[in-house]
Each structure stands twice: as structure tokens, then as C-alpha cells.
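Below you'll find a set of structures to go through.
Two complexes, one shared chain (subunit A), two partners (subunit B, subunit C).
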Partner chain A sequence: MIRWRIVALALTATLASLPACTPGESRVESGNRLGIFHIGNGSDPESLDPHVATGIPAGNVFSAIYEGLVVSNPYTLEPEPGVAERWEISADGLRYRFYLRQNARWSNGDPVTAEDFRWTYERYLTPAMGNEWAYMLFPVRGAKEFFSGDLTDFTQVGIRTLGEYSLEIELKNPTPYFLQLLAHSSSAVVHRPTIEAHGSPTARYSAWTRPQNIVTNGPFVPYEWKISRPLKVRKNPHYWDRERLRLNEIHFHPTENATTEERLFRAGQLHKTNTLPTDKVPVYRAANSPALRVQPYLGTYYYQVNTTRPGLSDARVRRALAMSIDRAAISRSILRGTSIPAFSMTPPGTLGYQPPAVFSFDPDKARQLLAEAGYPNGTGFPSFEILYNTSEGHRKVAVAIQQMWKRELNIDVTLTNQEWKVYLDSRDNMDYDIARAGWIGDYVDPLTFLDLGLSSNGNNNTGFADPHYDWLISEHIPAARTRPERLARFATAEAYLLEKMPFIPIYTYQSKYLLDPTIRGLPPNIRDHYNYRYITLGSAAD
Partner chain B sequence: MLRFILWRLLQAIPVLLAVISITFFLVRFAPGGPFDADKAVVPEVRAALEAQYRLDQPLHRQYLAYMGDLLRGDLGPSFKYPGRSVNELIATGFPVTAELGLYAMGIALLIGGAAGLVAAQRPNTMQDYLPMSAAMLGICMPAFLLGPLLVLVFGIWLEWLPVSGWGQLPGDKILPSLTLGAAYAAYIARLARGGMLEVMSQDYIRTARAKGLPEYKVVLGHGLRTGFVPVVAFLGPAFAGILSGSFVIETVFQIHGLGRFYVQAAFNRDYTLILGCTVFLATLILTFNLLSDILAAWMNPRLRAGLNTGRN
Partner chain C sequence: MTVMQAQTARPAGRSLWADAWARLRQNRLAFGGLIFLLFLMGLCLLTPWIAPYGYAEQNLSMGATPPSAAHWLGTDIFGRDLLTRILYGGRVSLAVGLVATAVAAGIGVLYGALAGYFGGRVDAVMMRVVDTLYALPFMIFIILLMLVFGRNLLLLFLAIGAVEWLTMARIVRGQVQALKNMEFVEAAVSLGLSRWTIIRRHLLPNALGPVIVYATLTVPSVMLFEAFLSFLGLGIQPPRSSWGLLISYGVETMEEYPWLLIFPGLALTGTLFALNFLGDGLRDALDVRAAKD
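Up next, the complex of A and B:
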């Protein structure tokens, strides 16, 4: 057996010869010392061009490197001054006049002017750009027409400069959430000379976003970005509010694997994680960890119903299905208390909106509804499929719901999983019976959830088309005079939508992550939005 | 010899052409496209995006355009990472894959060689059966099973080693290298045992023993050199296998090598990246095969003689 020892020795020697990082000072320690914020950012941002990238990782970076006319306050999510130091809104809510601060600078020292914004919005809406966010500016007069090519002259669009430092935007209809749209990370302003120096202004494949070329106007500017390596940004030396910035640098680490990310956090390599594996949440809860953050998020997990399928075309059946899902059990045992049972499409607490309570977990009522629809005790109900994209989490929820529907309604359901793009294809072509889906709000307003039910909405691939609902959303609500009246009309619309139930809400998402407890200025909010200007590191010692 | 090499290079061209063409058309038949997303993409945006990537042109025109770019060494822009070229992504991913492959090969040689050597010392005893059963297990167990198993034991239960990544946490290169090397260690163990057994029964070994050399000198000094010839011959194909086998490892351990780009490209329907990786790997494997053929021909005079007639 001595030779086995030789083998073991050889093995050890091999392992030891593999290069390993030297631990020493952890990244969090050196970060606190040098003012570098290390954040887990999920995956690599796909691009640094705000008119190209659509993902959340890119959005997180944009909040650091760009600054729009207005920005969101991380505590209240209300708009506050960005490049615009103040603004006026006309009494009819149609004209917004922005006054830009004259000390706002690009990272190369150029002043940020109203013309920069006008040019940026023109690029934003230029059809050839293929900007997937373009619809965010559709409340602007003429924007939709310009984008769809019916209008080719941008001067006809309601965006114009009134001098070097003021800009006027004219809307089609009063849009109470319009400033939020301007605060969105996609509404960042871009630097025309840099973009034009590197090719066609509308090209997606352009070198202007390379760290050696890019010019931005936010508090930070990128200086290093290699694929699958941390994206590093440092203080913009020309930023107007640079004196008050407490961070010198931010490093956005691509962390695709949540288990590894959690270990990186424990090893002191990250100040904040992007997420936390669901099964780790009870562990941190039991330990009463001050690092754990679990908070409601502006997103809903739901099942959408193909309303053109036999059986499922009856709203009573859809309501029966919704009423026989024990959401509390799903949240408790599958999602380990990391979700909130949802009985509405709009998450509760969306800037003052409380969704109506139309239904609850009520199996008796569900059986009664199913009987009324002609399927007493599930007899004769056509069997159908639940479609979800391949993922262990979605599968667990689907299995639970399958059992609940069998137990409460005596309905047979089968499960089908498809790879992501195949699943999207099936969903878009309505080649499904019931499909799992999720929706994250673009802005904090019930409309971003409730317009899903519009017959004209490209994301509504349920076959649900209801003229009354269309009228409620596109005419009745915009005509509301006051904010309480508007919210009341939303409640009416949502109650109507839940009666028809083309979407079966299941739970409200929660964001869950770990945050170094010594960090200040990163408050929880439902959009998971950060404003890096507020963040301070290592303040426990204070 | 030169004629042989030229001949093999000529043969490689239709192979490469077939690989590219089949891949080009096959990926287009997969449901879903590069621009499908959770949020519906409005027709205007889709049209603009397709125009930017030439997807609005007829398929045969796209094919010809792609081949034209390829001849100039341009693999095109990536769909998933706008602003980055496929050439750049491959240049980022390949060094990682190569490093992983190198460690895996080192591990395979060390463990496999040692196990084979040990087993050959006392054939048909426990000392033989144990490492050889382990080798059999190593051959049978696919990497997508062994990887998660190692992660479960060393990463999650014992928490000794990181569960994924590459160069992020200390020691995170160990499990992937081990997993990738394991199957090859098993093959090498069997080859080494076979080679050593054959050599150790030869007359010159008996002579070495008769002149009173200590056993370790007999084995290491005389036996090893000849006994390991089959192992050396195996290295060429093994390297090609390790390169393509690293897809699985890179996916299991979330390593940003070429393999992971390749797999992700397939999920994202990143047509240019799928094609680029395919072209690159096909070229690499063809090159390895050519090199090992040249090496074999150079080592074997009989083969070399046959080559001068232009056939093999």
C-alpha cells in the first residue's frame, strides 16, 4: 500500500501546483480603504449603449455612468434633479420645460447641453436604431409616429431646445409617470461626437462603447471592461457633483452562479450580491444575519391562459383555476418565504395603489364555478398542459399547481418544459394551453402591469381581447382628473381584468441579496434601483 | 513529406466547408431567433435589428456574405454582445479553455500514469484490481455526473473548494481540472498498465533484474520509456477530446471559456458566435489530427514510405 501513498502524493503535488489566488486582504477590506464598491451584477452587461442594452445588469451600470434629465431618489423612487436642476409642468400636464444645470459636463469636459438630449432622443426613436425601449417615449407627441416611420421629420416630434440649456417636451396626453420614464436607465444621454467618430450613429456594432473611447456624463466613467471580467468604473473628473461623491470606483462583477456569488460574499470579495439562492435564505434568517435583505419587488409571477382553447375559453373556468391554487403553501414550502402570494397583477404598494381584493384561495367556490361552466367535479374537462421554460424553480411551482388542480378540481394537467427560445416561440405563437410568465414593471405605476391586458399589447398573447377593458385602460383612466380618481379607476380596471382572468397571478417577486452591513445609502426599494451617489462604505466604525 | 502535408491540407478544405455549411443552415431551423425576448419585440424594432445583421436578406445571400467575410478572417459581430466581434470573444475564451485543458491533461497523466504503473507491478492482485476498477469507473462516469458529484462533496458538504468559477476564488481551478482530467486519467491508466505489462515480460528487463538493479530503477529507468509509448500516442486524440469535452465542464462550473460561449451562443441563437466557435474548433481539431498524422508518419518509416505515393 506504500505505492498508494505515492499516488496520493502525486495527486497532492498536482493540486498544489495549480495556481491559486493569494488571499491576504479581502476585496471588501481594500475596497473600504480605497473607496471601491464591489457589487455582484449577475451577468456581463451586453452593451454600454443605452439604446442597445435591455438587461438589468446593463441598467445597473447605466445608473452609475449616465445621468438623465432627472434621476430617481433611491428612498422614495420620486424623481429628483439630474442634469436638469429644475423643471416646470404646464397646468394641463402636457408641457414639460427642463432647465439644465450649466456646470454639467461630459467626462471629456464638454458641457452637457439641451441639444445633447434632443439628439439622444432622436437616436432613441430612430427606427433604424432598433431601440427596444423606444415605447418608453411614446407618450411624447409624434414619437410613436416617428418611430414607426409615419413621420420622418424629427422637428415634428414634441421635443425641442429653447436655448443651450433648456429643453421642452410636449406630450400627447397627460402622463403622470412621465418623469419616471425620463429617470429610467434607458433614457440616459449619449455623447454625439464620440458616437459619430466610431461609425454610423445608429449602428449596434460600434466601438464607441469601448472603455478607451467612451464618454459619459454620469458620476462615473468606465475604464476597464473585458468580457467575463469585472467592469470597472471610476469617478468622472468632470461630474458636476464630484465633490460629494463618496465612492471612487465601482467594480461590477459578473456573477452568474448564485451559489458561487454567496461564497464570494462570505469570503469578503463582494459588498453586495446580485441575488441569493432560495435555499440559503432560511439559513441566513435563522442566523439573524444583518447582511440579509429580502424585500418586495415590482414584478409578478403568473400563469397566462390561452383563452382560445376549449374549456379554458370560459372565464369561470379560469377563475376556478385561480381560486384553487394555494399560494400560501407555494410561497412557504417551495419558495421558502421569498415571495408574497399574489391575488392581483399589480404588486401591492405601487406608489400608493392598492389592488382590489377580488378573489382568494377558495376551493369550494372554485368547484362551484367549474360546475356552472358545465364540468361538475371536473367531469369532461379537456386535459391540458402547463408550459414553462426549463428551470428547476418553475418546475416545482408547476408540479405543486398540477397537484392542487387535481386535488381541488379533479382536472388532469400535464407539464411541458421547453428551452427558453423555444418556449418564447411557443408563447408568441399561442402554441400552449397555460404558460408560466413573469412581468417586471418598467416604471412604478399600475399601468405597466394593467396594459398587458390590452388587445393591442404585443405581450398579450393570451387571445384575450375585450373592448370594455381596452376602453377602461386607453380612455377612461387617462381622462381621470386627479391622482386618487386615477388610482380608483385602475382598481376598477384591475377588478374587471381579474373577473376575466386571462392572467392568473401567483406571487409577487421579492429581491433577495446580501449586503455588507457597513454600507449606508443603499435603501431597499421595489425597483431594486440604486443611486450610487448616496452610497458610503465601511461606516460601521463611525 | 511536403506532398503529404499539402495533400492533407487539401483534404481538410471540403471537411471544413461541409462543417460550416451544415452549421449555418442547421442553426436557422431551430425555433426562436436571436432577438426573441421575454418582452415582445415590436415589428419595427425587429425589422431594424434584422437589417443591421443582414438577416433580412435571402438565406443564400447571407450564406455567401458570411463566406466572404470568413475568407477575410472576419467572423462577424456577436448578436448577444453588440459591439463585440466573434473574433474577440473567441480570443477571450480560448486561453481559458486551453489552460483548463492543460491542467486536465497534467492531472490525467499524473494520476493515470501512476495508477497504471502501480497496477502493472502486481497484475491480478488487489493492487491491480483497485486502480483498474477505479479507472473503469472513471471511463464510465460522464463528466456531467462526476462534476456535480465532486461539487456536492467538496463544494457543498465539505465546503473545501468553490463550486464554480475560474480564477475568482482560491482553489476554484481544482474541481474543473480534476473532473475534465478524470476520464482521460482512466484511459491513460489502462494504456500504461497494458504497455508496462508487455514491456516488463521482455528479455532486456530480465537482464536488468539479473544484473542486480533495484526494482524501482528497472521500472522507471528501463520499463517506463517503452511502456509509455501507447500513452504518448494517445495524447493527440486526447487533446482534441479534452477541447471538445471542456464544453460540459465549462457549463457545469460556469467557466467563461470557449465552450461556455459556444453553449450560451446556442441558447441565445447567437448565429455568428455559434458559427465562429464551430469554425474555430473544427480548424483546431483538423490541425491536431494533421500534426499527429505527421508525427506518426515521421516515427514510422513503413508509413512514411507509403506516403510518398500520395496515399495513406
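Up next, the complex of A and C:
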């Protein structure tokens, strides 16, 4: 008797937890019926505080729950009105004046004002906040100084309110991509009263981000979040454009294992996956599946060289290594056509920029360079390690490159893999010879890739420090007057960087995922950026 | 029944080992297993001279191909010959399996026999040490060992062996405790044999059955353990491989390239079957009491 009661209890509990599911209906079907978008989101966001979280999973959530002054159009990636309904840019490109819409509301009904933005940006740049995105606002006059502590008075920074609904931002130099920075998911606006009600404004792990406390201004607002369970957001009842929203809810499913995620998709549990295992791509291609999406992505996969190690300190050696990698073979055979061979750090076509063609796959030239550096036929070259973070994909690329260097240059290489955080630590401490790395552009401009080579850049842990390159990036390029001139100077700088080769580009990323073919309004774009306001589910589109 | 009686029952004077060998040969499954293992080991030993391809030799443009005349078991995604890689992997896996198991059995048998034979306080202390070691998370222990001493294949063998001996020690201790009060041991004591001789000549041979069975079970778990460590980056590093690694890579692409899973899987399961048959047969052959039942 007792046993039956337990079974009955368990059944009731299961049913109660799935109120939206009628028997025999998959999650996608019930989602289509109820307007719930189920999306695979990789891992759990580390936080819902836009000044704390830096990962892509968090960014995907931020686009749904926050709205900045401007947002990106998912088709063109051009900035379009968000909280600001219009803006003016002064003729010298230094002053941006934003006019906020008066019907923008927080999820508790409060109006969104210019002061909210001013306070948010002050928090954004406060040194105690430790915001890793802070550099995104460095084009603003005084922002860098305020962040580094040289300036303590925020009124000296070029951000000020001009009344309740207008805001003026003043820049140091003309920055053509500045609106893109404001459209970035980290440039969200946060709710001061909520944050202050739950502790210090700069506390990194305060309770204000808990679903029961959080107040946001985006189209959606979180209402349920447990570790390793879907993060659920629902329509913000006060959102200014709520009439046009087609989705009622979005559930962000943490799916760290890509193979499992693919099975979930096949079982009708997800509308969209976060990624797709490389070896599955040919299967979906062969089946002509309408669900498969493979599209260029604004990111570069590269090997960074520790330029302080013997042998590797010689730029000729680094170029020889770069020239003896058969990128076409890697892209075709290992990555199954899901990537594009890269011969530059900046992906081609970044906002009309064509990177210079400085080198190609040329084993003869590579052997010659190696001989000039004092290692004919690889003799006497110190053996070194390729470090990568534990992952099937990285291992495959490393195994192929290991063999190419052995075959073309007769250099012995060993492979080492480390868990993600250990690997980051080794990289930061320059405790490696050559390490696998990837860089995803923060905005669509060559600078986001080329400033990696700056001696002052925290992500440049190669030991490469070149005054001429620093000058090119931080003085020569900002002084360009026209767009073509600016792009030409970028090409000069990139050619110089590729001569020195502290970074060996390998391929340009493509994003690959599965998407329910009945979904509308989720166009492919190079930033893999979604604007959930545009999305309609299968049933709604019919 | 005891060994002594079994020996007196055969006045021809065949030794325990010759006797066991004769029994083993009659057990077809076990003998077949032995032949299979010897054949495989011989093949793996000779691999560097007989393999038609190098284990790191890539042909990227060919990629993964199913079995063909040129590549009997097909190729992997790098276009490397799978047969060659299985043979090279077998060298690592068999060596890890045998060496680590031998280390574990060596330590475990000696430790367990001493604890069981002396009993009392010695036994209590020795077994509490084992309990303490049981409580340690071994994964972390091995990972620490590898970090301190660096990645070295021989060390990997020893490290795995050094953590696998605990259960063995308990089994042997139990056996020895049960045996040491039997008449033949008392007889040996009254004959004035030294303790060491009694343990070596009378107790251990009688405790061999469970040891052998447990050892054959240890071999596969050690092989899988090695694959796990290698996956974490602590064991074998590419381009070298082992069966465990080949299988774990094969699993990821089993729908696209099933042969990458099937053949390494067959090699491992074949070996494990052979080992189990052999272990079973050896126990029957060596355990006089069981044979008389």
C-alpha cells in the first residue's frame, strides 16, 4: 500500500512539474503552442549582472532581459533604436546626444531615465566593480582614467544627463564603431534601487540578480533560475514594445555536451542548439536537413607563441611554423568544411576591410626561413609543447599540426591538454610554448582583433611588445581622417603583425547549430547575435 | 583436502605446477584464451617491424575510410591506418594492464599475506592503513603523482598499480586467515619450517585462486583507467594511443564511422574474454580443493 502511495506521489510530482506538457507532446510542440522558445545555451550564465558576467551564454540572456540605448538589427547588425528613440552625432564625431523614449519602463513600472544610464555607466567604470568589459567604454573622454583610478570624480567623465530623457556622451577621438559598443549586451542599463536594496552597489555577487529580486528593462524578465536547470524568462509586462513581441517566454537550457544537445534537438526538446559536433555536420549536409545552419562568425582560431622561449623568439621561426600548416586540409578533413582557412587575424570582410595577404602555405619557403634562423632541416631545434584546453576539436587540430610540423620542418612537438581554468592560468602566466587560442570580435571592426598585439593588452600574453606596432594601433590609426584611410592603415598594421607572427592564425570560425526550420526572425549574422523581438515560432508564423 | 594429501595421492611425484599445467591444457576455453593472448602479445611486440604504416602517418586528404584492401580495418579522420594504431595501442594497453596488475598483485599479496599470517596487532595496524588509503580519492592521488613526477609511461604503470593493490590485500588476508589454522599449516609449523617458508610454500599457493580471478578483473579496469587519465592529459599523449583512447574517440563518431569504435572495441573485449577464460581455467587448475569437488 505504502509503496503505491509513493509511486502515486512521484507521479503527481512529475505531472505538477510539467504543467505545460500534454502527454505525447514534445517540448518544441508545446513551446510552439504556448509561445515558449527553447534554446540550448551552452552553460549556465555565471551571473545576471552585466558588469560581472563575460561569457557568451550570459550575453545571450542579456539581449533578452536588458535593453541599452541602441540595439543591433539582427539582419544588418546596424544599430537601431533601443531605449533611445533617436540620436544626434556632432560633425566632428565626438559628441553623441541620445533622446530617450518616454514610454520605456522597468519591469516594476518605473520609467527608464537618462540618470539610470549615467549611474549604470558610473558603476560600469568604477574600479571596485572589476568589470572586465570596462575597456568597451574607453573611447569615452575620461573613462580610461576613471577606471584606472587617475580620475575619481565621475562628473569629469564625458557622460552627462541633459534633463530626464536625454543623455550626452563625449568621446576622446572619433570612434566609428561607438554605437556598436553601446549595442553590445554588456552595455545594458541596470536598476539602481534594486541593486542598492541588496547591498553595496559594487558587490559582485549580490542577491539583486536572483529571479525573485531582479528588475530589468528588456523585453523579458527572468522568473526562474536554478543551477543546471533552464533559466526561464517571460514577457516584461511594462516593456514599451510589448505589443509586437511574439514570444511569451524563453527557456535557456544549459547544454555543455554538444552530443547530448544534438540528441535533445532530434527528440524535439529544443528549438535551437548552441552548437553542433563537427562530425555531425556532414551527416546533416548529406540529408539536406533544413535545420542545419553553418555561417561565418566574427572570430579567429589561432596559436599564440610564447616569444620568450628559445627558438620561438625568432620571428623567422614563427613564420616558418605558420607557413607549414596546411590550413585547407585541416578545414576540409578535420573540421569538415565548418571553418574557413585564415591567413590573417582579422576575418576577411570585417566591415569592408580586406586583410593583407602576407603569407600562404609554402613548406619550401618555411624550410628556408628555418634554415636562415640557424636550424637547417630542423636540426638542433628545441622540442616544444602545444598547449590546448581539453576538447575533442582542439585535440584534432593539434594532432594534425603536430604531424605537419614534423613532416615539413622535422620539428618534434608534444601535445599537452589542460582543463579550461588551468589552461587560462598557464596562458596568463606565460607557462607554455605555443598555446591554442580563439578571439571573438566584440564589435565589427578590425581593431577588436588587431589591438590583441598591443603590449598593454591584457590578452596579449605572448611576450610580444613592439613599440612600432603600439604606435600604429594607438596613434597612427586613430589619426586617420577618412574611412578608406583608416582601413588602409589597419592593413599596414596587420601586415606588420603578420611579419612578426606572435599569433599564428589557423581558421576563421563558423558558427554551426541546428534551428527548427519553422522559426522566423533569427537570421544568420557574423556575430551570432539574436534580437528576440524579431523571433516568431512555428505556429505563430502560420 | 590439502596440497599435501593431493601430492601423496600421486606417488609419481608430479609437482603442483606440472599438475596444474596438465589440467589447464584440458580446459579448451582457457587454453584457447592463453594462445590468443600470446598471439596478440607477439603481434604487438613485433608491430614496429611488421606494421605497413607508421602510427602517426597522416593522410588528411583521404580522411576516414571504411575497411579496404589497403587498410584492412579502415582509417581514422586523419587518414591513419587503424590496424597499425590498434597494434601500437595494444602495446600500451597490454603493458599497462599487465605491469600495473603485476605491481598491484605483488604488493597486495605480500601485504595481505603478512597481515593475515601475523594477525593480532600487526594485522590491525596494517589493515587500518589499508582502510585509510581506501578513503583517499585515488584519482586525485594519481593526478598528484603524475604532476610531481612528470609524465612518464613507466611511472604511469607503477602509479596505477600502486593504487590498485588494496582490494587484493584484503582478499589475500582473508584467505590466509582462513588457511593458517588448518592442519597442514600446523603440520608445517610442527616440522619446524620458518614463517617465511610457510607463507611462501603453503599459504600463498592455496590462496592463488581468488588472486588470479581478481587479477583478471583488474586488468580491464586498469586499461580503462589509463584511457581516463590519458583523456585528462596525464597519460599517453597524441599521436600515441591506447585501446581505451581509441575507443573513447570512436564513441564520439560511432554513428558516422562505426569501424573506429568496432575494431578497437573488439580488440579490447577479445583480450578481456581471453583473460577471463584463462583466469577461470587457472583457478580451476590451481585450486586443488575446487578440482576435487
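Please note the rule applied: the second predicted complex is superposed on the first by the 515 of 542 C-alpha atoms of A that agree within 3 Å, B and C clash if a C-alpha of one lies under 4 Å from a C-alpha of the other, contacts with A are read in each partner's own complex, and residues count from 1 in each chain.
Keep in mind that, in the parts below, a contact is a pair of C-beta atoms (placed from the backbone, for glycine too) under 8 Å apart; a residue touches a chain by one contact, two chains touch by 3 or more.
This is a predicted model, so every value here is computed, not measured.
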Legend entry - Which superposed partner A:G109 touches (first subunit B, second subunit C, both, neither): neither
Inset, instruction - Classify the contacts of A:G380 with the two partner chains as first (subunit B alone), second (subunit C alone), both, or neither. - result: neither
Legend entry - subunit B versus subunit C as contact partner of A:D279, first or second or both or neither: second
Inset, instruction - Applying the touch criterion given at the start, work out whether A:T416 contacts subunit B, subunit C, both or neither, answering first, second, both or neither. - result: second
Inset, instruction - For A:T390, select first, second, both or neither according to whether it touches subunit B, subunit C, the two together, or no partner. - result: second
Inset, instruction - Based on the superposed arrangement, let me know which partner A:T259 touches: subunit B (first), subunit C (second), both, or neither? - result: both
Inset, instruction - Please work out whether A:I330 is in contact with subunit B alone, subunit C alone, both, or neither, and reply first, second, both or neither. - result: second
Legend entry - Touching partner for A:V399 - first (subunit B), second (subunit C), both, neither: second
Inset, instruction - In the overlay, work out which of subunit B or subunit C sits against more residues of subunit A. - result: B
Legend entry - Set of subunit A residues, in rising order, touched by both subunit B and subunit C: 259, 419
Legend entry - In the complex with subunit A, residue positions of subunit B that touch it: 30-33, 36-42, 44-49, 51-52, 77, 80-85, 88-89, 92, 103, 106-107, 110-111, 114-115, 118, 121, 127, 131, 155-156, 162-165, 167-174, 177-178, 254, 256, 267-269
Legend entry - subunit A to subunit C touching residues, read off their complex: 259, 277, 279-280, 282-283, 326, 329-330, 332-334, 390, 392, 395-396, 398-400, 402-403, 406, 414-419
Inset, instruction - Report the residues of subunit A in contact with subunit B in the complex, numbered from low to high. - result: 3-4, 6-7, 10-11, 13-15, 17-23, 44, 46-49, 52-54, 127-132, 134-135, 147-149, 203-207, 209-210, 226-228, 256-257, 259-260, 263-264, 267, 269, 419-422, 424-426, 428, 437-438, 457-459, 461
Inset, instruction - Going by the contact rule at the top, pick out the subunit C residues touching subunit A in the complex. - result: 56, 58, 60-61, 63, 77-79, 231-233, 237-239, 249, 252-253, 255-257
